[in-house]
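In C-alpha cells below, several structures.
Two complexes are shown next, each including chain A; its partner changes from chain B in the first to chain C in the second.
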Partner chain A sequence: MPERVSHGFWFAAWRRYRRKPLAMAALVFVCFLIGVAILAPAIAGTKPVLCRYKGQIYAPCLSYFDRRLEPAIFVKDRFRGTYPQNLREKDPESWAIWPLVFQDPYRAVRDNEWPGRPANPTKDEGHPNRFNLFGTDQYGVDVLAKMVHGTTVALAVGFVSMGLAGTIGIVVGALGGYFGGWIDMLLSRVTEVVMCIPTLVLILALVAFVDKPTIWKTMAIIGATGWTGIARLARGEFLRLRSSEFVLAARSAGAGPLRIMLRHILPNALAPVLVPITFGIASAILTESALSFLGFGSPPPSASWGALLNDARSNLSMWWLVAFPGIAIFLTVLAYNLIGEGLQEATDPRLRESRK
Partner chain B sequence: MLNYMLRRLAIGLLTLLIITGVIYGLARSMPGTPLTVALGETDPSRKLNPADLERMKMAYGLDKPWYQAYFLWLGNVAQGDLGRSISRKQPVTTLIGERIGPTLALSATALLLTWAMAVPLGLYASARSGMPDERATSFLLYVLYSFPTFVAALFLQIIFAVWLRGTPWELPLFGMTGDLVDPSWAARLADVARHAILPVLCQTYVSLAWYSRFIHSTMEEVVRQDYIRTARAKGAGPWRVLFHHAFRNTLIPLVTLLGLSLPSLLGGSVIIEQIFTWPGMGRLFFESIRERDYPTIMGLTLLFSVLTLAGQLLADLLYCVVDPRVSVE
Partner chain C sequence: MSGSGAVPLVDVKNLQTHFPVRKGLLRHVVGAVQAVDGVSFSIQKGQTLGFVGESGCGKTTVGRSILRLIEPTGGSVRFGGTDVRVQNGAQLRLMRRRMQIVFQDPYGSLNPRMTVRTILEEGLLIHRIGNAAERLATVSRALERTGMSPGSLERYPHEFSGGQRQRIAIARALVLEPEFLVLDEPISALDVSIQAQVVNLLVDLREQCGLTYLFISHDLSVVAHVSDHVAVMYLGRIVERASASQLYREPLHPYTLALFSAVPTIDPAKRRRRIVLTGDVPSPSRPPKGCRFHPRCPLAEQVCREIDPPEVCLDGHLVHCHVAAREIERTGGDVRAASANLAEKVASRVAEIAGDSR
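Take a look at the complex of A and B:
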C-alpha cells in the first residue's frame, strides 16, 4: 500500500492554483515583467552592459538604476552619455557588449550615433518603424525604451504600496480583532473614518501636500490610504480565530498575546488577507498611472507608463503613445486581478467544495 | 428606531468633524496659497509685493493658522455658509449648484444604463453557468473590468475624434457644448447628448462589468442554498427558480450597492471629467486643488463625505426594508 503523504495548506493551494490556465498565464506574465524590470538596461539603453576600457572592465548600464553607479572614468573622459563613438576613439583596444535595442529612455538617439542607425524622428513623424518598434514621442525619445525602463515603476508601485497597506491593515486588524474591547472600538472607528474619505480626494490632497513628489512618496501615499479593506478582513479573521481551540491550547501552554497573534493566528489568517492584497496591487498600479496621467505623478526622469499616456493627451494623432503604454497598464492590471481570483479559488474552502 | 438613528447621526457627525479637520489641515499645508499659485506660476513679474500679499491674506483669513481658520470655517458651515471661492470670486454653493447638473446628467445616465444591462447579463451568466458562452462573456466582462478608464477614454477619443473626423460618426473631443448657430432647445439638447456619449460610455463599461460580475457571484451563492434545491425538487421550471426563488434573494446585496453608489452619483469621476473637460463636480475638485482654493476644496469634501455617510445609512435602512429578518436594533 502506498504511503499517503499529507501536504501542507500552501502546497495544496498551489496544486489547485496550477490547474487554472488563466491564473498561471497571469503569473508567468508577472514573472516576465519582473525579468524585464531587472534586465531593463540590458534590453534597451545606450550604455554598454559590459565593456573593457583602458584595461578595466566596467558595467556602465547600471547607471540606469542609479546615476551614481556611472563609472567615474567615463565622466572624467567626457563621454557625456554617448558611448559607441567615444569608446572607439579613446581606446581602440576596447570592446563592449551592447543592450538588445540601442535606444535611450531619456533622450533621442542622434544620427549615426550607432553605425547605420538614423536619428529618431520627432513629433508625429515617429510612427512605429524598424528602429523604433513602438514609435517615438514628440521629442524623439523611443517609446519602447521608456516602457521597458518604466516597468520597474509599475512593479514597485504594486509591491511597495501594497506591502505598506498590508502591514498597516494586518496590524490594525489583528490588534482590533484579537483584543476586542475599546481597542477594537477605537481602531474600527479610525478605519471607518479613513474609509469614508473619498480615496482620490485624500490622495490628491496628500500628493499636493508633499513638496516634491517622487515615485516613492506616491507609493507611500497609495499604501497609506489603501489599507482599510485589508484591516476589516484581518479583523474578522482574528476575531473568528481567537476563540478557536488551537489558540486556547497555545494560551494554556503559556504563549503570550504577541506570540499567539504572530505564530498561531497569522499563518491561518494569511490566505484570506492575501487575496485583497493582490487585488490591491492591481488597483495601486491603476491609481499610480491615473495620478501620473493627471499630471500629479512623479517628475519626468522616472518614466512611468501613466506619464507616457499624459504625453499622448496633447498629441492624439500619435496613437502609438496611447496604444502601447495603455495595453501594458491594462495587461498588468488584468494579470494581478487574475492572480487574485486564482488565489481566492485556490485558498477559499467554500469555493473549492462547491466546484465538485 | 429613533435611538438607532440618533446614534448613527452622532457617529456620523463625529466622522464628518474628523474628515473635514484632516482635509482642512492637509489643504492648508499644501505648498503655495491661492494668491501665490494663481499669479506667481504664470508670470514672475506679476508676483504680489509682500505688503499687498499680507493685506490680501488678512482679507481672506489666510493669516491665521489652519486650526483657528478651521473652527471659523466650521462656525460658518453651521450657519449654512460655505464661504466664497478665492480663485473664482463666487460663493461655493453657487459653484456647486452650477456643476452638479452636468455631473448628474453623466452619472445618472451611466447608472441607469449599467443597471439596465447588468441585471440581464448577470442573470444570463447564472442561467448558463459553466457553459462555453457564459465563460466567454464572463471573461470578456473581466477583461473590461481590468481595462483602465483613462486608457479607454483616450482610445475612444482617438477613434471618434481623430480617425473618424469628417465622417458622420465623428464625436466631439471634449467640453459639454459646441458652437451652435441654431440655439433652439432641441438642438442644444442634441449637442449636449453628442458630447456626453463618450464620457457616459467610459463610465458605464467599468461599472457594468463590476455589477454584472457581482450579480453573478451572489446568484452563484444563492443557487447553492437548500430552498433552491427544494424549489427544483418540487418541480419548478429553471426560469421560475431563477427569477422567483433565486433572483429575489440577491436583491438584498444589490440594494446595499445602490445606497453605496450615491456618492459617485453626485460626486462624479475626477478622471473622466478631467479627460473630457466636462464641467462637473470632479473637475471642480481637481481644479480647486490645483488653485489651492480652500473654500471650494472644503465645500466639496464636506459634500462628498456627507454623501458617503448618507449612502451607508441609506444602504443599512434599505437592507431592513428588503429583508424583514434584519432590524436596525
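Take a look at the complex of A and C:
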C-alpha cells in the first residue's frame, strides 16, 4: 500500500465546512469579535497602549482589563485617568502610542482632553459624528467605545455559560445513557424538571437573591439552566453507541466504563452535541442582552450591549443607541446560528449524503 | 461431548441468558426473552466448535454471554477451569485478555474516530503491556499476521474495504495473544470473494497461534470447513451436536436435515430434496411447549407437543428429538441407518404436505 496522509474525522469535517461560504463568513466574524475583545483597549480608550514616562515603559491600557494593572506611578503622580495632558506636562520627554479611537467606555471625553477636540455631546445631541462614529449616550459616553469593550462580555457570556452547560449536559447525558437503569431514570426526570423552569424567570428570581449581581453570576445561572437539551442529545448518543460493536470490542479488551465513555463514545458523540452548544451560545447572548435590557444584567462599570439597549429605552429619540448595539447582537447571534448549521451539515453523515 | 479426559478450555453448562421484557409506566418485568435457554457444550484446547442456526436463535448471545459482554442469567461458564461468571472487575479483566471476539460487521466494530494503530494498541494500553516501542512492534506483528501492511497503521478504518477491516478486527483480537476467540459471524458481512480469504486466514491463524475457536455462522458449509464439532441451535437451545463429520454424514434432528437440504450443491446426483419449513420461528419470549421445534417440524407427534425431548447421546453425537431417539432405538444404535430413515421420513412427509395443500 502506498504511504499517504490519512485524515481523521475532524479534518474531513473542516474541509466540508470550509466549502460553505456563509458558515465560513460567520466563523470569520466570530474570530473578528474575539480579536476585538482581546484588542479592545487598543481600539478604543483614553489610556496609551504603550508609553514612556520618566525613563520607563508602561502599558496603562491594560487597566481596562483589570484596575489593578494600572501602573502605580500614574496613580502616585495624580494622572486621574487623564493621560495626554499629564504626560506632556509631567514629563516632556515622554512619548505614547494611543488607541485607534480616543474614547473611553466609562466616561465622556472632556473638552480639549485630546488637543483641539471638543467634549463629547450629551443627551440627545450625541448623533454619530466625526469623533463619535456611533454617537454618544445621554451622559456623553462614546457608544463605539462601549460596544468595543462590551464585546468581551458578549463573547464570554456565550463561551462561559455554554462551556458550563455543555459540561453539565454531557456528563448528565453520558451517565444516563451509558449506565441506563435507575441512574438514567433519575437523571432524565431531573432534566425534565429543569427543562420545565423558564430560564428567564429563574434568572430574575436568582438575581433578586444574589447579593452583588456580576456578569459571572449571570453566566453561571444561564449555564446552570441551559444544559437540558444538550443532556438529552448526549444521552441519546451514548445510549446508541454503548451497544455498538466497537464499544463491545473495547469492553472485551478490558476497558472500564470511564475509558469507554471518554475515549470511545465521547469522540463519536461530540459532533452532534456540539451543534446545540453553538445554538446555545447564540441564545445565551440573547438572554444576557434581555437581562441587561431589563436592568438585571451586569452592573454599570462593565459595559454590555444589552445595557446599551436599556439606555435607549428611556431615550427613544436617540436611535443610534438602539441601532448599533442591536445590529451587533443580531449579527453575533446570526453568526453563531450559521456556525451551528454549518457544523451540523459538515458532521452529520445523513445530511451530507442528501446534499451531494 | 468431546469426551476425552483432558479439562476442556471452555466448558459451558446450562447457560441461560434471558432479557427482561418491561412494560407500563413503572417498567415492571412482564416476561423474559429467552435468548439462550439451557445451552451446554465444551471446547477442547486447539479445537473449533461451530454454532449454526437461523438468525435470532441465540447463537450470538451465546458468544457474548461467554465473554460476559452480556450478563448470563443462569448456568456456568468455565474458562481454563475457572468460572467466568463469578469473576470481579480485575479478575475479569485478566480473563478477558485470554478471550477475544471478532464481530460480524467490520464497519461497526472499528471506532471511526481512531486510527488503526490506536485501535490495535488499546488492549495493550489497558493491560499496561510493554513500552511504546514494544507496543508498536506487537501491533505491527499482529497486523502483518493478518496480511495487512504496517503502512496502514496511521490510517482510519473508513479508508479500508470490508475485507481489510475484518482483518484489522482480527488483528485487534490477536494483539493480546488470547487463547480463545469467539468468531461471531466473521464472514457473513463480506463479499463472497473475500469470505474464502478470511476463512483461510482464520484457519491458518488457528494453526500458527494454537487458538481455540467458537465459530458462529449461519452458513453450514463454512462451519463444516473450519469446525471440529458443530452445534445446531434452534430458539435458544442446542438441538443437535456432533463432530463435524458425524453431523454431515448422519444428521438426526429434523431441523438439521432441513438446514442441510438448503445448502446448495453443484453435483445434481447429490442434490437432495429441499425441505421447506413452514411457518415462522416462534418468539423466544413465549417459546412453544414441549419440543421447541414442533410447530414447524414435519415429523411432530403428540408427544413432541407436550414433553421437552430428552438428550440422546451416542458416540458423542447428541440430539434432542423424540422421533430421532425412537429411530435410533429401533435401528439398535446404528446412527447412520437412523439418519437415512429419518431423512426418508421427512422427505415423504414434506411431499405429502405439499400434495395436501395442492
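To be clear about the criterion, the second predicted complex is superposed on the first by the 350 of 356 C-alpha atoms of A that agree within 3 Å, B and C clash if a C-alpha of one lies under 4 Å from a C-alpha of the other, contacts with A are read in each partner's own complex, and residues count from 1 in each chain.
To be clear about the criterion, contacts are C-beta pairs under 8 Å (C-beta built on N, C-alpha and C of every residue); 3 or more make two chains touch, one makes a residue touch a chain.
Please read these numbers as outputs of a predicted model, since none were measured by experiment.
*Asks:* Superpose on chain A as described above, then tell me if chain B and chain C fit or clash.
*Replies:* These partners fit in the superposed model.
*Asks:* Could you look at A:Leu186 and tell me whether it touches chain B, chain C, both or neither (first, second, both, neither)?
*Replies:* After superposing on A, A:Leu186 lies clear of both chain B and chain C.
*Asks:* Please indicate which partner A:Ala205 is in contact with in the superposed arrangement: first for chain B, second for chain C, both, or neither.
*Replies:* In the superposition, A:Ala205 contacts chain B only.
*Asks:* So, does A:Ile73 touch the first partner chain B, the second partner chain C, both, or neither?
*Replies:* Neither partner.
*Asks:* Scan A:Gly8 for contacts with chain B and chain C and give back first, second, both or neither.
*Replies:* After superposition on chain A, A:Gly8 lies in contact with chain C alone.
*Asks:* Of the partners chain B and chain C, which touch A:Ile57 in the superposed model: first, second, both, neither?
*Replies:* neither
*Asks:* How wide is the angle at the Cα centre of chain A, looking out to the Cα centres of chain B and chain C, in steps of 10 degrees?
*Replies:* After superposition on chain A, the angle is 80 degrees.
*Asks:* With both structures placed on chain A, which of the two partners, chain B or chain C, ends up touching more residues of chain A?
*Replies:* Counted on chain A, the partner with more touching residues turns out to be B.
*Asks:* Thinking of the overlay built on chain A, is A:Asn268 touched by chain B (first), by chain C (second), by both, or by neither?
*Replies:* The second partner, chain C, only.
*Asks:* Figure out whether A:Cys31 sits in contact with chain B (first) or chain C (second), or with both, or with neither.
*Replies:* neither
*Asks:* In the superposition described above, what is the shortest C-alpha distance between chain B and chain C in Å? Please give a whole number.
*Replies:* Here the least C-alpha separation of chain B and chain C stands at 6 Å.
*Asks:* Intersection of chain A residues contacting chain B with those contacting chain C?
*Replies:* Chain A residues touching both partners: none found.
*Asks:* Enumerate the contact residues on chain A facing chain C in the complex.
*Replies:* The touching residues are 1-3, 6-9, 244-246, 248-256, 259, 264, 267-268.
*Asks:* Which residues of chain C touch chain A in their complex?
*Replies:* 64, 67, 69, 89, 92-93, 96-97, 99-101, 103-105, 108-115, 122-123, 126-127, 149, 151-152, 154-156, 159, 169, 172, 176
*Asks:* Which stretch or stretches of chain A touch chain B in the complex?
*Replies:* 22, 189, 192-193, 196-198, 200-202, 204-206, 208-209, 211, 282, 286, 289-290, 293-294, 309, 312-313, 316-317, 319, 322-323, 326-327, 329-330, 333-334, 337-338, 354
*Asks:* For chain B, which residues count as touching chain A in their complex?
*Replies:* So the residues of chain B in touch with chain A come to 11, 15, 18-19, 22-23, 26-27, 29-31, 139, 142-143, 145-148, 150-151, 154-155, 157-158, 161-162, 173, 224, 263, 267, 270-271, 274-275, 285-286, 289, 297, 300-301, 304-305, 308-309, 312.
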